[in-house]
Amino acid sequence: MGQTEKIKVERLNLHYGTNQALYDIEMNIPENSICALIGPSGCGKSTFLRTLNRMNDLIEGVKITGEVKVDGRNIYSPDTDVVSLRKRVGMVFQRPNPFPMSIFDNVAYGPRIHGTKKKAVLNEIVERSLKQAALWDEVKDRLHKSALGLSGGQQQRLCIARLLAVEPDVLLMDEPTSALDPISTLKVEELTQNLKERYTIIIVTHNMQQAARISDYTSFFLNGYLVETDKTDKMFTAPGDQRTEDYITGRFG
Amino acid sequence: MGQTEKIKVERLNLHYGTNQALYDIEMNIPENSICALIGPSGCGKSTFLRTLNRMNDLIEGVKITGEVKVDGRNIYSPDTDVVSLRKRVGMVFQRPNPFPMSIFDNVAYGPRIHGTKKKAVLNEIVERSLKQAALWDEVKDRLHKSALGLSGGQQQRLCIARLLAVEPDVLLMDEPTSALDPISTLKVEELTQNLKERYTIIIVTHNMQQAARISDYTSFFLNGYLVETDKTDKMFTAPGDQRTEDYITGRFG
Amino acid sequence: MKLSKTTDRIATVYFWVMGIVIVAILAWFLIRILGDGLPHISWSFVTGKPSEMTAGGGVGPQLFNSFYILFLSLAFSLPIGVGAGIYLAVYAKKNKFTELVRISVEALSSVPSIVFGLFGALLFVSLMGLKFSILAGALTLSLLNLPVLVRVTEEAIRSVPESYWEASLALGSTRWQAIRKVLIPASLPGLITGITLVSGRALGETALLIYTAGLSVSRTFPDFNPLVMGETLALHLWYSGSSSLAPDAKEIAKASAALLVIIVLVFNLLIAIPSRILQKRLSGGK
Amino acid sequence: MRWLFIVSASLVSVIIFSIILFVGFQGTQVFKDVSFAQLFLSTDWSPLSDTPKFGILSFLFSTLLLTLLSVILSVPIALSGAVFMAKIAPKWMRELMRPAADLFVGIPSVVYGLIGLTVLVPFLGKTFGGAGYGILPAAIILAVMILPTILSISEDAIRSLPGRLEEASLALGATRWQTIWKVLLPAARPGILTAIILGMGRAIGETMAVFMVIGNSPKMPGSLLDSTTVLTTAIVKDMGNTFYGTAWNNALYMMALVLLVISMLLIIIIRVVAKRSELR
Amino acid sequence: GCGGKEPAGNAGANPSPSPTATAQANEPDKNPEISGMVTSSGSTALLPLVKQAAEDFMAKHEKVTINVTGGGSGTGVKNVADGTSHIGNSDVEADEQYKDILVDHIVAIAPFALIVHKDVTVDNLTKQQAADIYMGKITNWKEVGGEDKPIVLVHRQDSSGSRKIIRKLILDGQEFSKEGVTQDSSKTVVEAVASTEASIGYVDTPYLNDQVKALKIDGVAFSKETIKDGTYKLYGEEHMYTKGQPEGATKAFLDYIMSDEFQNEKVEKLGFLPANLLK
């Protein structure tokens, strides 16, 4: 497992207008590891995830203080290039959001905007990405049909494929498997295991088993606070905080 | 457990334009039971569910043959009142879809359109429904704020509350918990247990554990075919079909 | 990579320039119209009676007629326009009839107002015997409004997410209930924009009204009788600019133009404010 | 309830058909006096000569040219403005532009015409020589007139796109421009087309403003700054003063019919194009 | 407000000799309380005069409403023929097809003037020069003694009464040049001539103003006297048509327009000349 710190979060606070959604978050995420974010609905997991590639910039009225360092550089410093940040720190969303274009064009979108023009190269990227996302077999005959005709689960895998096509450093995944069946889920989980050799992955999940299965580190959020972060093994066997234990064992809500 | 047949499906075929999505489905669902529909992504679970209250009528180019009998009457016969059918056979969707109005108005929407005017009665219905959906505590102070301000999980529970408020006979749930955290999920699962005393519930889920935990019957779909239906106990211990076993144990995809 | 960033920067600058160009064009027109007209606007101009030969005529009755005709024309066109828009957005299956309606709407939207005027003159003024009257003008005007209202309604309703529609029907609502309680409220901001657009255009219409509403104003003011002639403000502006022999006709034309702009402005504000509040409420901002 | 909507929708069709019937009936009377070929293939319009000539080819040509030119002038600006308002402008600027655009739909065309006549025409005359009347000033005035319509409807279309599309694109490291160009504009295409159709409809049908600046000579324009006539102004200038039932008057109705047919053809063309691009 | 004077009804009912209403029912209508609605439509050039008359007349007769609208001479004649309005205003004679059913009332004389942009140095044109200019044979001001500038023609539309009169009186029935600019009302002609360098146009004299310069024709400037003595020949007649002989309020209204009171005061003030000037 990687030792270098890929992401370092310091005293991060976030307000939606007057509502504070994150309080003084501190977190380190080592390179080439998978970090799972767990916690009850509305606790701020998605919000936190979105601060890591500045997707919250898009929402009006969001105020952020503190630092998020990726590769040692604060992404909230004024000289940050948000676009290349987002290329390095890619994201899969809770709800599938394919573009209203063909399946092929969806996957080729990223490479194209980053300058890949050659048809052969694109073909290859699209095929590889779709295979990685365990979608290739289902769509290989309809690559040029609209992506909106896919089922929810297929759409989500398409979004993953689309992200993989730009080969980011860090993958942010917001419940990427919540719309997938177990088999696809399994494939995606396997995929994350393969990817972590090269990538750093942060994944939000509601599924304790999933967190336990795939992640190296787990962070538990509650009401906008980061209660604790630890090695996943430790977290699920001997959590340091009573609230974590209560949550993991399903004792409160 | 109820003995009378609540829903009886006969030789049901469904086409989206020229693509057939359901093939010769035959199924019986007894009253006051919970039936889980499982199967890989894109196998037709959602499609099937939507035939039970004719939600597929809304999609252009859908052709349906065969019969679906609710309480012994074919809902696809020409004299069916689709509106009152949908009041009796309610539905919760895969993606939360609250109306762009206040939380209160969302829940009161159903009772209102069905003729309940009295403020006091509405108040009571709203409170009861929100409590049943395990959402009351979180929203009781902001009932008159927009429902769109809720988190995904909260929104889905709101949709369940909204459905419960019209007190249908049959509840169709399309992965109602896929956006919920474990605690809310647990509550909704408990809720389904309570509800089945009065209601018949058909639930699509990707979660084998969930199917095993809450349902009386399980139906396994594959590529638009209903492979088998059986008592859940039996299904998960000694499935009749090899494909079912392979699927449940995660052996194929 | 570098290139795309440069492109982005250039694009941003370009969009800003375009935005500013548009604002500049609009502002230039506004300043010109208001600057020319405002000096002549006074209380007696706004409320007074027109005068043919002497200077100092007002536009009180014309102002009243403008609103009266607008009101009547909306009363006719709104139900039909919104109805047809809803039909297209909600009920219409892909069939010949729908296609026909759609093409009709588009065709109607490109009918020159002079043709409406001729048609209205034949149908309402002559055949229906309404003579030159406020009513004939309003009916003809509503034909002009219709296509825009249909399009805007359809567009507004279509932009409401499908899921609202599904949710409502799944609760056992009739289509009509879903439309009335969910779709229309959710599409109200769009609808209101459409109505403002239509109103603005209707207030400024001339060619069509010359043949239907006439160029006289009633002796009493305000006169709610829809069967009398009713010159509107825009008509008076046209008349002052092309035929009137009043010594201050030019000033009256300019002042009428400014007044019209002010009215449309006020109209926009009056409508825009509640619609903005509405939009906020719908989108979940507190 | 449903039938009420159907009745409303039918009514729209009934209205347009009555108009076409009315205009068509009156217009086809012209063939009693004038041959089809003379009407459509000749540019000689001399209604008062001893052997009256009713050739409308030049009006037809100028109408198409004027409409095209005004759309070409207006659409890029309007679309850029729409994108600007929907995605780039700070809130206050947007809140300013929106009502301003709506406001301009309400300015009577006579006012546009007057400004065109007293400002634009002399300016063009001075700059390019000649009198300054012609298709160019008319197109500029029309472009300004239809700008707010196209602007506000396209802005609505862009704005009403689900936010997840934008998110998805940005999260892939696309720049804002790439997101706009490759995702938002294509996704908003139906709405934008509507906007252009409506704008074009207004441009084809506009009379008063065009009248004052186009010159209205009944001949083919030699250049964009040469006096010429379009169908609407040809109709309006003589409709009120010619006697009902005369060949001249009927020819005017014929032009109205032609106008209707042209706009319908344009609409159909656009629909076909739109449908084809949607399939891709 | 509109303060109508009771006895004034007499003035309106006063039988005044109408020069052209051939079969005038001369029976004096003694009823002072006429009532009803009169609609008049047609020529835009005549509009101000009719509107003014309506304003005055309604002030005198509380119970009468006079509705006036434009639409053009052709529309006016059609409207009066098919009963849509009581009076049809026209600045040209009605078409043959209407001759039998309509009764003509000539209510005023409208002189015309050739006008030019203020910077044009020419002050006078012969009739022949004017004709050549408008037929496109002369295209530069220097050919008629002005500066070296191409002439911009400003026309009225083909169907306009003004244009017909110029065609008849200046061009002797020949064709206008197709070059130049066409405007659809006298006021916009003035507007166009004022804003277009080296332009020439023609308008009814009520619309003359100091933005433009009126030319002399064959050395004669327009005035009431030059028209009366026949040296200034550029004028037309304004017609108001009724379907059959006018009755009731319509008749009273037309009578008022023909009355000395209106003819002598208002008509001239508006820039027209009294109908009986040449009699």
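We just call them A, B, C, D and E in the order they show up, numbering each chain from 1.
Note that a residue touches a chain if its C-beta (ideal position, glycine included) is under 8 Å from a C-beta of that chain, and two chains touch if they have at least 3 such contacts.
A quick note: this is a predicted structure, and the numbers were derived from the prediction, not measured.
Student: Show which chains lie in contact with subunit B and also with subunit E.
Tutor: Under the touch definition, subunit B and subunit E have C as mutual neighbours.
Student: When contacts are scored as defined above, which chain pair ends up with more C-beta pairs, B-C or C-D?
Tutor: If we tally the C-beta pairs in contact for B-C and C-D, the bigger total goes to C-D.
Student: State which chain is most central when centres are taken as means of Cα atoms.
Tutor: Centroid comparison flags C as closest.
Student: On a C-alpha centroid basis, what's the spacing between subunit A and subunit B, in Å?
Tutor: 29
Student: In whole angstrom, what separates the CA-based centres of subunit C and subunit E?
Tutor: Roughly 35 Å, centre to centre.
Student: If you average the CA atoms of subunit A and of subunit D, how far apart do the two points sit, in angstrom?
Tutor: Chain centres of subunit A and subunit D, defined by C-alpha means, are spaced 49 Å apart.
Student: Where in subunit B do residues touch two or more of the other chains?
Tutor: 95
Student: Residue numbers in subunit E touching 2 or more other chains?
Tutor: Residues 44, 70-71, 75, 184, 188.
Student: Send over the residues of subunit D in touch with two or more other chains.
Tutor: In subunit D, 114, 162, 175, 178, 236, 239 touch at least two other chains.
Student: What chain pairs are in touch here?
Tutor: Listed in label order, the chain pairs in contact are A-B, A-C, A-D, B-C, C-D, C-E, D-E.
Student: What residues on subunit C touch subunit A, complex-wise?
Tutor: 1, 3-5, 8, 286
Student: Report the residues of subunit D in contact with subunit C in the complex, numbered from low to high.
Tutor: Touching subunit C: residues 1-2, 4-13, 15-19, 22-23, 77-78, 80-81, 83-85, 88-89, 93, 96-111, 114-115, 119, 144, 147-149, 151-153, 156-157, 160, 162, 175-178, 180-181, 191, 194, 197-198, 200-202, 204-208, 232, 235-236, 239, 253, 256, 259-260, 263-264, 266-268, 271 of subunit D.
Student: Over in the complex, which subunit D residues touch subunit E? Could you list them?
Tutor: That would be residues 46-49, 114, 117-118, 121-122, 125, 131-133, 211-212, 215-219, 227, 229, 236-246, 248-249 of subunit D.
Student: Spell out the part of subunit A that touches subunit D in their complex, as residue ranges.
Tutor: Subunit A residues touching subunit D: 53, 55, 58, 60, 83-88, 90-91, 93, 95, 97-102, 109-110, 112-114, 159, 162-163, 166, 168.
Student: Which part of subunit E faces subunit C closely enough to touch in the complex?
Tutor: Contact set of subunit E toward subunit C: 2, 39, 41, 44-45, 47-48, 51-52, 54-55, 58, 65-71, 75, 82, 84-85, 184-188, 206-207, 266, 269-271.
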